[in-house]
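Input: structures, listed below.
The following pair of complexes shares a single chain, chain A, combined with chain B in the former and chain C in the latter.
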Partner chain A sequence: MLRLPRFRLLEPRSYGEAAQLLAENGAGALDRSRGTPTLRVMLVAGGTDLFPNMKRRQFTPELLISLARVRDASGIQRNGHLDISAGTTLSAIAQDPGIRERSTALAEAAEVVSTPQLRNMGTIGGNICLDTRCNWYDQSLFWRTAEGFCMKTNPDVVCRVATSSPRCLAVASADTVPALLVLGATVHFEDAEGGRDVPLADLYQEDGIQPMALRQDEVLTDVTLPEADGWRSTYLKMRDRGSFDFPIAAVAAAVRWDGAKVSEARIAITALGSRPQLVADAARPLVGTSLDDVTIALAAEAVHKAARPMDNTSGTISQRKRAALVFTERALRSLRPA
Partner chain B sequence: MSEFSVIGRRLPKVNSWAHLTGQARYADDLFLPRMLYGRLLRSTRPHARIRRVDTSRALAHPGVVAVVTGADMPEKMGIMPSTQDETALAVDRVRYVGEPVAAVAAFDEDTAFDALSLIQIDYEDLEPIFTIEEALEREDVKIHDEAKRANVFKEVHLSFGDLEGGFGAADHLRDDWFFFERNTHAPIESHSAVASYGPDDKLTLWTATQVPHYLHRELEKVLGLPRSRIRVIATPNGGAFGGKSDPFGHEFAAALLSMRTRRPVKITLDREEVFYAHRGRHPVKMRIRTGVKKDGEITAVHYQSWLDGGAYASYGIATTYYTGALLTVTYRIPAYKFDGVRVYTNKPPCGPKRGHGTTQPRYGFECQIDKIAEDLDLDPLEYRKKILQPANSRTVNDLRITSMGLGECLDALQRSTRYSERRGQLGTGKGIGLAGSAYISGAGLPIYWNEMPHSGAEIRIDRGGGVTVMCGTSEIGQGSDNMLASVAAEALGVMPADVHVVSGDTSLAPVDLGSYSSRVTFMAGNAVRDAAMKLRALLVAAAAEKLEVPAERLLTAYGRIYDRDDPAKFITFADAAVLAESKHGTLVAAGSYKPPKGIGGSFKGAGVGPTPAYSYQAAVAEVTVDMDTGMVTVDKVTTAHDCGRALNPANVEGQVEGSAYMGYGEIIGEEQVFRGGLHKKPSLLDYKIPTSLDTPVLEAIVVESVDAEGPFGAKEAGEGPLNPVIPAIANAVYDAIGVRFDETPITAEKILTALGKRDRRGERKTRIGPDGLDAGKADPKRALRRLTASTDARERKRPVS
Partner chain C sequence: MTKQLLTLRVNGEPRTIAADTHHTLLEVLREELGLTGTKHGCELGECGACTVLVDGVPILACLTLPTLVGDSEVTTVEGLASAEDLHPLQVAFAEEGAAQCGYCTPGMLMTAKALLDTTARPTRAASLRAQGPLPLPLRKAGGTNATGAQLP
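For the complex of A and B:
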């Protein structure tokens, strides 16, 4: 079987200590000595994505800082808002009655990540920080050697997806992120000096190599969602199989009802570009309506326009673009009052 | 009450407890003292000459004990003696990405892995060939120098009956082109072998193989070690499906590394390597012309197939013949012509996968039968029943048919699914489809010519009444060990749990040719029964003397030999064994089985197709198509299967359901796509084998035709049930959305294309499939040039500046 490369493992007991270790061990420094650029030190939470990637030598950090033993790293608290610790497993989120009831999109998204086994290990923090994916990148060292590498692992090579692309086109693939986006999530980071809050919508950028505006010495510690009074939300995911697969097109939608009219709306997509994104043009026409078919069609059209899938996942471009449109319609229809 | 005490009962498999508790010992579970770990270096080029291999740096790497390359084992090998074109490791040329080139043995796996990168190979790239069309025409590029015409591996032409007359007499002619995409077995267990060359100069190889006997022969040839000094032990296979029935590079490499180091060496492939080892379903382009009378009676069939064989022969010669051989055994065909061509391409070699070579033509033919029924306004189920090949008959290509339960299968399906009433009535997006099929219960001939038995078995009874069955079969999860135990137990009158089975060991068990072509139940079952009946006679004679009852009145069951007329009068099996051994000496008997003569014709190519008995099966699939996203859901597959007699109904149903699952995967999601010769998705994440959540509701109906020659009437159940599922789903999709799928797999993209929803232009199609040409207007070569399956364009690598 594929074996993990050698690495050292540190297990701090607090996020502060983890941030300290990142800073001390040269977080952010790129090591190009082994043929593929790799960070000297990386964080690992559940490890469900990181370890397979390491086995395939997509990166080979010398040092891993595990967050598994950080005290109070998991848990869901409510005090005027919903606070989810980054180490909370996807299973715990999917099963939480409060989240299922009031932040439905998040529970639905957590429930369709990979397989039950991986959801028991995988964390919300890990999912938020999931590496972008591409079928030229998520391959073994042997495969990539045969292909001749790509921009994401070797700066001297073009992007294999679109050879004239100035940037890496790897795909954002985290299920929970569009759900968190439509629920208005804020994420909290700590570093050796202190901490900062970032609206989740500002975290991502359209770059497959550097998909997050994030310093390498920061540790994601919490996700906060505002109270969901009057909101209804849902998440729909297209994938080839009923289990195991990453999304190849996904839509999250949330609307806030004020009587029979929508007073606020958010729609977010993922797996249709290098970053998950809120589609403001899709949400805007919904406000003030009762989600009639014509309005929904307008929103779906806007999502269709915003979706920019490339030929680097399963499925095809046209199929995935169409799924974005269809799933937007279906999601919004399901959010009409019963 | 049944006449049997074991046969026909849903007894637990004798080895299921070990599998359920994780105690079954697969090859990779073996750890021997001083064992080294091996890994293979594989080609990164689709087609290249090897100029030089430098292993010195790898050998100098700390922890590396030995390195071997192709030059150490240059002897040609391969499963079919007449077409041996492989070497254990590539010698001077590589022909696909992933072909093994060198092997390293080290103290641990990590070191072996690291050492691979220290082996320097100097390649000179050659132009690769990726498509059937190129392979047929490129005389200037030869993947194998031995190929006479371009890159044609094998070309066959067979004709039976009056074809011209048949087509002339037809009222209606159909001419359809089909394409069946390449897919693979994907067993849960990856291939693994442990070799140990001991101080006695003997080699033992534990390996996950379906064919220990054939491997035994090839080891002798390649290693230059007499077979008398080699012992092959087939470990329980964690799934095989045809993918472990070739001799593989890692088996020879482990053996040679062990001979060089005099230490045990284990090589276990990782998942990606299993995709390169392949030997899976051939991509086949097909043209089927069928003439019928107004009432549907078939007057003639002309079937043509073009197979993309990949880089080596494997079973290719048999596969080629199988695409044409078995179309005749289901429905009456008075005139039949078959043309088949298999070509080499620079991709991992294709070979046998469950249904070996018959799955692709059966898919095309059953889709065509559905079209003919529609053209003639006939109910597809009633139509098939009307044209059945009769039991105890001979086909136009001289195949002997004995028991034939396809009619009963169709009746059972109609009762269970109400197919005829529901077809066309389920509304848009919902459909129901039907198909029939047949398969062999073991190939009529061995792969190397000989007059010896196809299967041998030995049974020993110990002084405590214990029964040990020894047979060279390989347990691949299909239940062969349980079958051996059940047949012996029934014949002797004990329970399967009392039987010890020693299988797949070339030293301890007589030869069985292997677990391929669904031959084990029929052939090994008969061999075991033969041996058991000899011992039974001794035991019964001894009991008769003791009980003073005529032997004819004695029955054996539940560990007793008893008087039929007075069951209270009995002796135990163990007591009978003591009496018999006292009288006759050690209680050992051998049995064997060889198919009868005259089950096939005598023309060249007649060796593929005959079998002592054909299994028959039919399936009904029910589907839902999401008209907006193009996603297809298969709601239910009902399969009726004529297995002769179900030795263990639970095991038969398991095989039928497993086949349905696998067939479902082949048409709904699985496909092997290459780009520049590099497999695009060599992982279980990217290769879309269905999960349990995707699997339709499966219903298996056992039909028993009780074959006169099968052990207790049994025929095969492991492969045939896959075949009808694929065309049944295609026909169901047609019923749902009015689109014929003349190519596999049926993807969302193709559905959207057909529905006119792929883009804004909105052109609808009634058929998705390869382009053919008008009947009879040009020669097949021109036809082929115009035949562009949707897969061809993407096989070419995009230039990267």
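For the complex of A and C:
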């Protein structure tokens, strides 16, 4: 049986209290006494990403700070923009009629995260902060001990995917992030001193170990999307089994129509590198066009070029690169006016 | 690190137990309360064999900390049947032969109950979607029957 490692649990009632607890308990400190270095203090929201990782002993925090009892942690508000509290479940987002109609890519992405049961538990904040994944990392402690671990948990060890790689190549795997990127999302963090807003596009970095530029004493509290007038968006995902797997290639696309022409466009990919990313070279040719086949082919070619999958998920490299190209074409065709 | 005293509302009754902080709802249900109808499957939140309802919403017991369930009502497969009669879903599953090995049937029953409690006449596609991965190992055998058993 897979049991969780032992931990202490704190249940703050507000984000401010959670940030205070992070600061008081030395967030960011590493415990090197348990085989692989691990963060001593971690936040948990739905637990659907962290708990499987803890069961596999990828993390063995001594203290968990649960956000499940934070007041007003979930909810979707509209006042000129869309404000989604970080604790909102993926089910609530997938089922929200306003998001479905105006921020379609986000509803579509939330709807294809894992299983219905998991979406009832998993939160948008948790999905944004999802750990990166890798065939060499998402394995039991037994498996990883036999292999001798990898760079992601033990910095002295090589990256097993490409042994000469100077960095960890684990894969960004959150479905909602490319959707949020094309919708222009901003995220809000709070720490014990105050708060800050970060454009979501600036949060991620090409590093499987530290995929996000955030401090360990910060709490993600809200996601904000600008008004979506004139925008149409969609999200397409390739995975092994349609009923529950993580993406192995995925594309989100959004275009803003001004009459019969596209006035703005954004395309984002994930599961094709260590960070989800906007592909500006793919979006640029779309502006001023009516999404004719030739233009779409140009964008798809640019996505194909930007996709740099490594051999560390299901599927082959060429299959995943090809999927990125084909999904870009399909996504853009679906965004033409009805 | 010590045990904590917890009161959970399970199948309509308050149950007080001393549970380890790091034990999940699945472990508490099976090991402390003896409700072994809820099954250990993958234990990593993929398969759905451990599905129980919390206030009517299907969730994965293997990834849920019991302390965070609070005052919510937990329904397990043991809570479906009354003293004398099986739940209509259990009857339908039995009549349709909606099992292969039967191990994940409790999870299927609980997701089916949640679906039918909110959707009177689900389509075959909606029924399949609501089950998540559960019918997968059964696609060629009981899975089709399990979907059929939920349809009016």
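Details
Note that the second predicted complex is superposed on the first by the 338 of 338 C-alpha atoms of A that agree within 3 Å, B and C clash if a C-alpha of one lies under 4 Å from a C-alpha of the other, contacts with A are read in each partner's own complex, and residues count from 1 in each chain.
Keep in mind that, in the parts below, contacts are C-beta pairs under 8 Å (C-beta built on N, C-alpha and C of every residue); 3 or more make two chains touch, one makes a residue touch a chain.
These numbers come from a predicted model, not from an experiment.
By the touch criterion defined above, A:T48 reaches chain C but does not reach chain B. Residue contacts after overlaying the shared chain place A:E147 against chain B, while chain C stays out of touching range.
In the superposition on chain A, A:Q58 makes contact with neither chain B nor chain C. By the touch criterion defined above, A:V326 lies against chain B but remains apart from chain C after alignment on the C-alpha atoms of chain A.
By the touch criterion stated above, A:R6 is placed in contact with chain B and with chain C alike.
Of the two partner chains, chain C is the only one that A:P116 touches; chain B does not reach it. Touch criterion met: A:S243 reaches chain B and chain C at once.
Contact with chain C, but none with chain B, is seen for A:S66 once the two complexes are overlaid on the shared chain.
Residues 1-3, 6, 115, 241, 243-244 of chain A touch chain B in one complex and chain C in the other.
Those residues of chain B that touch chain A in the complex are listed here as 42, 44-45, 97, 109-110, 113, 190, 268, 270-272, 628-631, 669, 676, 678-682, 685-686, 688, 690-694, 747-749, 752, 757-759, 798, 800-801. Against chain C, the residues of chain A that register as touching in their complex are 1-9, 11, 46-48, 51-52, 55-56, 66, 68-69, 114-118, 120-121, 241, 243-244. Chain A meets chain B in the complex at residues 1-3, 6, 115, 135, 138-140, 142-143, 145-148, 158, 160, 163, 238, 240-246, 314-316, 318-319, 322-323, 326-327. Per the touch definition, chain C reaches chain A in the complex via residues 1, 20-24, 27, 40, 43-46, 48, 51, 57-60, 63-65, 67-68, 111, 129-133, 136.
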